[in-house]
Amino acid sequence: MSTGWTREQMAARAALDIPDGSYVNLGIGIPELVTQFVPEGREFIYHTENGLLGMGPPPAEDERDLDLMNAGKKYVTTVPGASYFHHADSFSMIRGGHIDVCVLGTMQVAANGDIANWSTGAPDAIPAVGGAMDLVQGVRNIYVITQHTTKTGEPKLVEKCSYPLTGPGVVSRIYTNLAVIDVTPDGFQVVELAPGITFEEVEKSTGATILPAK
Amino acid sequence: MSTGWTREQMAARAALDIPDGSYVNLGIGIPELVTQFVPEGREFIYHTENGLLGMGPPPAEDERDLDLMNAGKKYVTTVPGASYFHHADSFSMIRGGHIDVCVLGTMQVAANGDIANWSTGAPDAIPAVGGAMDLVQGVRNIYVITQHTTKTGEPKLVEKCSYPLTGPGVVSRIYTNLAVIDVTPDGFQVVELAPGITFEEVEKSTGATILPAK
Amino acid sequence: MINKKSPSVAAAVEDVFDGAVVMVGGFGASGSPIELIHALIDQGAKDLTLINNNTGNGEVGLAALIANGQVSKMICSFPRSSQSRVFPKLYREGKIELELVPQGTLAERIRAAGAGIPAFYTPTTVGTVLAEGKEQREFNGRSYVMEPWLEADFALVKCEVADPLGNLTYNKTARNFSPLMCMAATTTIVQTKHLVAAGDIDPEHVITPGIFVNRVVEVADPVHEDTLIAEGASYP
Amino acid sequence: MINKKSPSVAAAVEDVFDGAVVMVGGFGASGSPIELIHALIDQGAKDLTLINNNTGNGEVGLAALIANGQVSKMICSFPRSSQSRVFPKLYREGKIELELVPQGTLAERIRAAGAGIPAFYTPTTVGTVLAEGKEQREFNGRSYVMEPWLEADFALVKCEVADPLGNLTYNKTARNFSPLMCMAATTTIVQTKHLVAAGDIDPEHVITPGIFVNRVVEVADPVHEDTLIAEGASYP
C-alpha cells in the first residue's frame, strides 16, 4: 500500500504553488525543505522574522557567522540583495501583509481554516508562541505542510481543533503525505491525490467531512 | 525708557537654562538664535524634525547641499556624530519624550501654560500645523521666546488664549524682552527682570495676573 | 531573476487610476520625486487624493499636479509656505479639499498602514480643535486621541541608490517620509539616481528593503525643485 | 564634549535597582550582551522583571541571571528552547512569573513605548486564548486586540560599533530587538565591540541615534553565548 508523498515530495509540491518573485516565510521542519525545490525559472525571497530578508542556505561549518541566524536559531547565509532590519520592521512586513506566502507545520488544522500549532494546552506545558500568531494573521497565504495523521494515527485534519488555536480561519491550503487539500467555504476539498492514494483512504484518515477532487 | 532685552539677549538668556548635553529642538525665528549663545563648556545637540540629529550651522552659499535642510526648509550642515532617520523615527524622538528642550516662538501663551502659535483661527486662513502639536505634547521642557507684546501693543501673555490652542498647559518658561517668567500653579511668576525694567512695566504689558519675583 | 526595473517614468506611473490615493515622498523640495510627478501630469489621472507633508512650491512638481486640476483632496501637515501659491488659491476657491494632519501623526499613520496597525493613540492634538470629533481616551492618567492608519494605492518616491530587487538608500534629509510611504502603498514606484546590481548595497545599509517596493526607474540626473523654482520653471 | 562612555561594565550597571524592569537585547544567543548581564549578576539587583524574546540558554548570560534568583518575572515570546533548562524548572516550581507575548506584539509594544504611543491595535492573537481579557475592537470589518506599550527602567544592549555620543550600528541578525529597546528604556546601557570617534560612523548608516543611548562601554572581545555553551561554561 502506498503511503503517499515523502517529506521532500510534500515540500516540492507546495513549492509548485508559490509564484515567481514571492516573499516567503518558512516554518521549522518540513517547510524548510521548500528551499530545495524551487521550480525552474522561479525565484523566491526568504524572510526570517529575526531581521533578515534574502536568507540563503546554511553555511559550511567553518564559515558560520555567530551573528547570522534564522528564526529557528540555525546558522544561515545571505543572498545578493539581502537586507537586515530590526524586529519592529520585520513584523511590519508580516503584520502589514507584505509577505506573500507562509508555509507552516501544524499539530491540527480544522475544516474552517483554524490552525493549532503552538501549544498542546497541557497544564504542565510551558507556553511558547514566538512569531506564530503574528504570521498566521499577517501573511496573505498560509499554507500548511503536515503528515496527514499523527504518529499514533490520529487525524490532524479535524472538524474543530482540540488544541488551543494559533489563529482562526487563516489556512488556505494543506499539503499532506496523502493529498493537497483546500480549505473552502464548504470545508476540506481535495485538490490532488498523492500517487497510489485513493480518496477513500484520505477520507478515512481525516477527522472531518472532506470533499473529493472536482 | 529701556525696552529690555534684544532678540539676541533673549536667546542668550534662554540658552543659559539649557543643561549641558541636552537634545534641543528650536522653532523658527528668535529660537534659532539660541545656537549662537551656547554657554562656555556646554554642548547641545540639535534635532530637526525632518530627520536629522546633530544639525550644524548654515553652510556657505557655495557649499549648500540641496538634500540637507532643516524643518524650516533652510539649508544646514551636520556636526560629527550626526545621524539621519525617517519621519516616524524622528517623531518618536519627539513624542516619546527623548528631546529635552524645545524653544518656540508664539502668538499667545496663557497663565496655565496653554500655547497658541499655529493659527489665528481667521475664517479665510489656511490652517497649517506642521510639527507644532507633536512638539508641545512630546518634548519634556517647552520654553517660549517672544516679544512681550504684539507689534500693536497687545499682550501675548494672557489669561486665556483667544487663538486656537497648539497644546494645553505645556509651557514651563517664557523669555520675553521684559522678563523671564515661569508658568506656575499660581499662574505667571517673574523669575528675572531685564535690566532697566520694573515689575510694574511687566505687569502693565501682561494680559493676566502675574506675580513678582520671589 | 526578480527585476523590478521599469523602462521609463511614463511606464512606471501608467496604471495610476482616477480617484486613486497617492502618497508622494519629500519634505518641501527635499526628496520630491519631480520626474515621477511630471510623468503623472502627462498621464492625466484625475480626482486624486494626494498625501505629502506640503502642497508643493512654484509651478512645478506637486504644485503643477494640483494646478493641472488632477487633485481633489490634499492630506498634509503644512499646506502653505512662502513659495506655495497654487494650493492656497484653489483652497480659497473651494476647489480642493484639505485634511490637516499634524506632522508626527501623519508619519505615524502612514507607518501604521504599512505595519498592519489599524489605529493607535497619540497625545498630539489633545485639547485642540484638531482633536474635535476624534475618539479620546485616558491611559495612565493622560489623555490621548485615537488615529487610524493611512493607506494609499500608490506611492511615488525618490531615492539615491536602488537595486533591481527594490532595496533603497536615500540622501541625507531627502529620506523623510519616503521609507514610510514605501511600506504603506499597494504599489510603490521609485525613481533612483543610481541603479546598481543586487548585492551592491551593503545589507546593513539598506533603508527600505525591497519587499516594500514594486517598481524602480532610473532617473540618473534628477532635477531639484529648488533649482526649477529658482529658474522660474513651470510644468507642463 | 558629550561623552557617554562608561569605564567598565560594572560601572555601567551600577544603579540597576531591586524591582527594576530590564530589557535585554538579543534573539537567542545572537546579540545577547553577555558581559553586561554577567556584570548585573555580580551587582546583585533582585526582583527584576526581564524582557527578552527568550529566557536564555545553558547556564550563562540570561539563564545564569535567572538561575541566580534575581528575576521574579519574565516577559517573552518563547520561553523554552532546546538549550533552555533554568527557566522551565523555576516556572514549573512556581518560582518565576511569565507574561507570554507574541513576538511581533512584543516588538511593537517596545517600539510604542519609545515612540510615545500608549496603545495600538493588532490582529495578532485574535480568536486565541492569548486574547482573553484583552479589549477587542473592529476596524473595517476585522477584529483587533488593543495592546499597551511596554516600558523599562533599563535596557542592556550589545552593538558592533558605537561612538561617544551613543550612535550605534549592529552586526547582521544580532540587531533584532536592540534598537527598539534603546528607545523604550529610561536608561539604555550599551556594550560595543568597537568604540570609535564621533563622526566615524556615516550619518546615513547609524541604526540607533545617540539620543536613545545613555551609557556606552567598550567590550572589545565579547564572548558569544553559543561559544560558552559549547564549552559547557557556567556563571558565576
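What to note about this one:
As written, the chains take the letters A, B, C and D, and residue 1 is the first residue of each chain.
Note that in this section a residue touches a chain if its C-beta (ideal position, glycine included) is under 8 Å from a C-beta of that chain, and two chains touch if they have at least 3 such contacts.
Please read these numbers as outputs of a predicted model, since none were measured by experiment.
With contact taken as defined at the outset, chain A and chain C are each touched by D.
Of the two chain pairs examined here, B-C and B-D, it is B-C that is joined by more C-beta pairs in contact. Distance from the chain B centre to the chain C centre is 29 Å, each centre being the mean of its Cα atoms. Distance between chain centres (mean CA atoms), chain C to chain D: 34 Å.
Taking each chain's centre as the average of its CA atoms, chain A and chain B sit 55 Å apart. Touching two or more other chains at once are residues 52, 84-85, 88, 91, 94-95, 138 of chain A. In chain C, the residues that touch at least two other chains are 108, 111, 115-117, 122-123, 170, 172, 203-204. Taken as a graph of touching chains, this assembly fits none of the simple shapes: it is neither a line, a ring, a star nor a complete graph. Touching chain pairs in this entry, ordered by label, are A-C, A-D, B-C, B-D, C-D. Listing the residues of chain B that touch chain D in their complex gives 20-21, 23, 43, 45, 47, 52-54, 78, 80-85, 88-89, 91-99, 138.
On the side of chain C, the complex with chain A involves touching residues 1-2, 111, 113-117, 163-165, 167, 183, 197-199, 201, 203-204, 206, 209-212. By the touch rule above, chain C contacts chain B in their complex via residues 27-31, 77-81, 87-88, 91-92, 98, 100, 102-108, 110-111, 122-130, 170-180, 207, 224, 226-227.
For chain B in complex with chain C, the touching residues are 48-52, 65-71, 73, 84-88, 90-91, 94-95, 114, 124, 126-134, 137-138, 164-169. Those residues of chain D whose C-beta lies close enough to touch chain C in the complex are 108, 112, 115-123, 139-140, 142, 144, 148, 169-170, 172, 203-205.
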